[in-house]
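I'd like to ask you about the structure that follows.
As written, the chains take the letters A, B, C, D, E and F, and residue 1 is the first residue of each chain.
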Amino acid sequence: MADDFFFPGLRNPGNTNNPAASLVTAANVEMFPGVNTLGVSIARIDYAPGGLNPPHTHPRATEIIFVLEGTLEVGFITTDNKLFVKTITKGNVFVFPRGLVHFQQNRGYGPAAVVAAFNSQLQGTQVIAMALFGAKPPVSTDILAKAFMTGNSAVDAIKAKFAPK
Amino acid sequence: MADDFFFPGLRNPGNTNNPAASLVTAANVEMFPGVNTLGVSIARIDYAPGGLNPPHTHPRATEIIFVLEGTLEVGFITTDNKLFVKTITKGNVFVFPRGLVHFQQNRGYGPAAVVAAFNSQLQGTQVIAMALFGAKPPVSTDILAKAFMTGNSAVDAIKAKFAPK
Amino acid sequence: MADDFFFPGLRNPGNTNNPAASLVTAANVEMFPGVNTLGVSIARIDYAPGGLNPPHTHPRATEIIFVLEGTLEVGFITTDNKLFVKTITKGNVFVFPRGLVHFQQNRGYGPAAVVAAFNSQLQGTQVIAMALFGAKPPVSTDILAKAFMTGNSAVDAIKAKFAPK
Amino acid sequence: MADDFFFPGLRNPGNTNNPAASLVTAANVEMFPGVNTLGVSIARIDYAPGGLNPPHTHPRATEIIFVLEGTLEVGFITTDNKLFVKTITKGNVFVFPRGLVHFQQNRGYGPAAVVAAFNSQLQGTQVIAMALFGAKPPVSTDILAKAFMTGNSAVDAIKAKFAPK
Amino acid sequence: MADDFFFPGLRNPGNTNNPAASLVTAANVEMFPGVNTLGVSIARIDYAPGGLNPPHTHPRATEIIFVLEGTLEVGFITTDNKLFVKTITKGNVFVFPRGLVHFQQNRGYGPAAVVAAFNSQLQGTQVIAMALFGAKPPVSTDILAKAFMTGNSAVDAIKAKFAPK
Amino acid sequence: MADDFFFPGLRNPGNTNNPAASLVTAANVEMFPGVNTLGVSIARIDYAPGGLNPPHTHPRATEIIFVLEGTLEVGFITTDNKLFVKTITKGNVFVFPRGLVHFQQNRGYGPAAVVAAFNSQLQGTQVIAMALFGAKPPVSTDILAKAFMTGNSAVDAIKAKFAPK
């Protein structure tokens, strides 16, 4: 029936009262079964002023966004470590190629929001800092210290922030 | 550079002062080369009150829409001739499976608009009535009369409406 | 066993004693399970003189036909509303690109038949006039009248022809 | 134009006056550019009585055949060395899964012919005996003798048959 | 858990005490379920001196090999019957395109081994001589004699070698 | 010719005399054109004792590795932040699903090496720490501080390590 292909859950802004001051509300096959086998999914992302959707990847999809309101700085990093960054506003479109690290931040004075579409029914999301510093079991401090060319204590300090309260 | 992945052309509502009282503004690979090889594209569709995006297909993509404003009746028809139809409003999502005939109509009192995303860099669009009754050279009247189980004069009357002015 | 990959059901011409004077006999995964996962299916189409396989689309496949007998006018319409039409006879091949509206009509004095192959185990078929004017529940008359730039009574007259007897 | 999507070259039976007493006439993207990007191609195969389309593979396509006339023994071999073989006649359909060794032989008293469709614009064909015993430069006799568990002289005798005259 | 993505079964050289003097030890989805949906699989192949991995195809995958030790002659045959052959040694890489007949033979004085990776979770393997001369039920001697342009007795002699002992 | 499908450049261990004490030597389509269109590529990775192939992703490929020598701790992080980690040794196989952050570290007393195969001719590699802290132009310190829940000075300290000398 028609309701199978309908999803009302993106109607309201997400609650951005969290440390990142942003929230992704997803409509992929897990909560919107109608997209099963159709090769698409969608989400809305809300941002309080300064709110950040922190650097992350989607292992199985390209993402294309349309700004609903506000002013955002958006960027992605290429495989040769070039940052492509742009300030975009209401009605603008930006595309993040499959699998690359990207982020968005609200650089305006009021709330911001985007609609994000994916060419996968289940794009997957890996938030980089959480994956590396908040994994269960933890990634060894030694590996992170080497990777970020810093000391063990600096790594442990970051890990502490990602530990469950 | 970042501008290659940015498209500003969907910022403003399209001009709906046309017979359909609706307008599709597309951002596919033809006008937004940044999506080349990325498997996505996007569009916005604006509708005056009563405006109709008439029955059409996308030969190469599933479409997922998010309502920016207004109240729309949206529907698609399955391969066993079932109509799936739904009235949707701001913030709602609906998905039209690959290749099926679908449409949207503004059923509210003010303007309506949606963002539409596709899982193809070039979804293609075939507007059914225009394709059948406005093609160059024309589809023979005999074929259309048989297909629609009507008379030649009825077909020719419709064809006349689709002829270039 | 070998019989799983064998299908005898296209041996005899289909019965064309129907309003369209044509019949599609399909061998896709629903009746020929052997093509499951193999990405192909096949059909034969028979046409009495004047018989029409009316304008339709296959949402998930390109179609390639080989004429078994007779003389057919075949055509498809591109996404920019160009009609590509050709008269073909026994032994000729024609290809209908994925998702585009196409048709065939017997323009000879005797029966005609084609073999049609698809690059999908389940191509799907949407017969345009039936989908629009015979759907259950019906597409609203208002939408069809606008789409075909005609009056409600003209739409209702066509709808009446597609209603179950 | 429409002629781009039309191919007349399968109209006439191929000349089977050759050692195999069979001939494949192909309509793939090399001689029928209209199928470019469309993911299909087609061929006709003609067989004199006893004529054999010898064991071969298509590296990039599943093949589905429809018998135009005659009686054929057709078969393919699975990856666990089971032969699936069937005698088929006019109007029958058989499918050869992607990449598996298969063959057809005319087992009737008159000519036989099939239409073969592929889910690739360029299916590729590797005729096993020719590939192994007629390659340029030759596959070493030692390898073939070991592979076929026979002697060098037996291999060289077969190689001689495949040498250009 | 991590063990799902781990496979220890390629650790030891395979037993090459068999007629081919070679052994393929596979790690595809049948014995290594962790690659399910991931589109890859792997194998190791061991060869005694003179050992041959006889001409075969993988219907659903390209293969890329890395030589662990030894000296091998490797080759494949194109669809226009050209042999591409090369002698490779420890640390060398060679690629066998999807679906083409290929082989490897140990041309050194000691054992040889390669790692082979495939872009499919289940590449499939069809060993040509076994498929043609050892199938159950057997491919008819007549067909093989014609295909290899040899006599029935020569075919039967080869078939006898592939019969179960 | 055969040399097009041959790549000798992985023969020798890479020079691990660098800060990571590891080196990836790739054989993808950029340096090994023979894999063009074939959907595979390969690499070898060498590690001095303690050497780390730091957390990274491949945007377009699953990776499967085979250990040539040594003892490695390998791991990847799922999209729900679970670490899957395993100690593997010579002859072991491990698979890293498409697009997920993963790493390997030599935990033995001598050199270690793996062969890594990918189901893409150009897998792409994004080294997370370098991408985030060494991009040109730089990702803003503010964004990184928020993402890693740390202070600007901690971010700038890491950035300084990734600056070109």
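One rule holds in what follows: a residue touches a chain if its C-beta (ideal position, glycine included) is under 8 Å from a C-beta of that chain, and two chains touch if they have at least 3 such contacts.
Here is each chain with its UniProt name: A, B, C, D, E, F = Germin-like protein.
Everything numeric here is computed off the predicted structure, so don't read it as measured data.
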(request) Identify the chains in contact with chain C (Germin-like protein) as well as chain E (Germin-like protein), in label order. (result) D
(request) Hop across touching chains from chain B (Germin-like protein) and tell me the fewest hops that reach chain D (Germin-like protein). (result) 2
(request) Report the chain whose mean Cα position is at the greatest distance from that of chain E (Germin-like protein). (result) B
(request) Would you mind checking which chain's C-alpha centre is most distant from the centre of chain A (Germin-like protein)? (result) D
(request) Please state whether the interface between chain B (Germin-like protein) and chain C (Germin-like protein) is built from the same residues or different ones, using more than half shared residue numbers as the mark of same. (result) same
(message) Since chain A (Germin-like protein) and chain B (Germin-like protein) are copies of the same chain sequence, what is the angle of the rotation superposing the Cα atoms of one on the other, rounded to the nearest 5°?
(response) 180
(message) Just the number, please: Cα centre separation of chain C (Germin-like protein) and chain D (Germin-like protein) in whole Å.
(response) 30
(request) Just give me the whole-number Å value for how far the CA centre of chain B (Germin-like protein) lies from that of chain F (Germin-like protein). (result) 45
(request) Please report how many Å separate the Cα centroid of chain C (Germin-like protein) from that of chain F (Germin-like protein), as a whole number. (result) 52
(request) With chain centres taken as the means of their Cα atoms, state the distance from chain A (Germin-like protein) to chain F (Germin-like protein) in Å. (result) 23
(message) Going by the contact rule already set, what residues in chain A (Germin-like protein) reach two or more other chains?
(response) 75, 85, 97-98
(message) Chains as vertices, touching pairs as edges: which of line, ring, star, complete or other describes this one?
(response) ring
(request) Take chain A (Germin-like protein) as the starting point, go toward chain F (Germin-like protein), and spell out the full loop of chains. (result) A, F, E, D, C, B
(message) For the complex, give me every residue of chain C (Germin-like protein) touching chain D (Germin-like protein).
(response) 1-12, 27, 32, 34-35, 38-42, 44, 62-64, 66, 68, 75-76, 84-86, 88-98, 115, 117-119
(request) Name, in rising order, each residue of chain D (Germin-like protein) that touches chain E (Germin-like protein) in their complex. (result) 19-20, 52, 54-55, 57-60, 73, 75, 77, 79, 81-83, 85, 97-101, 103, 105, 124-140, 142-144, 146-150, 154, 157-158, 161-162
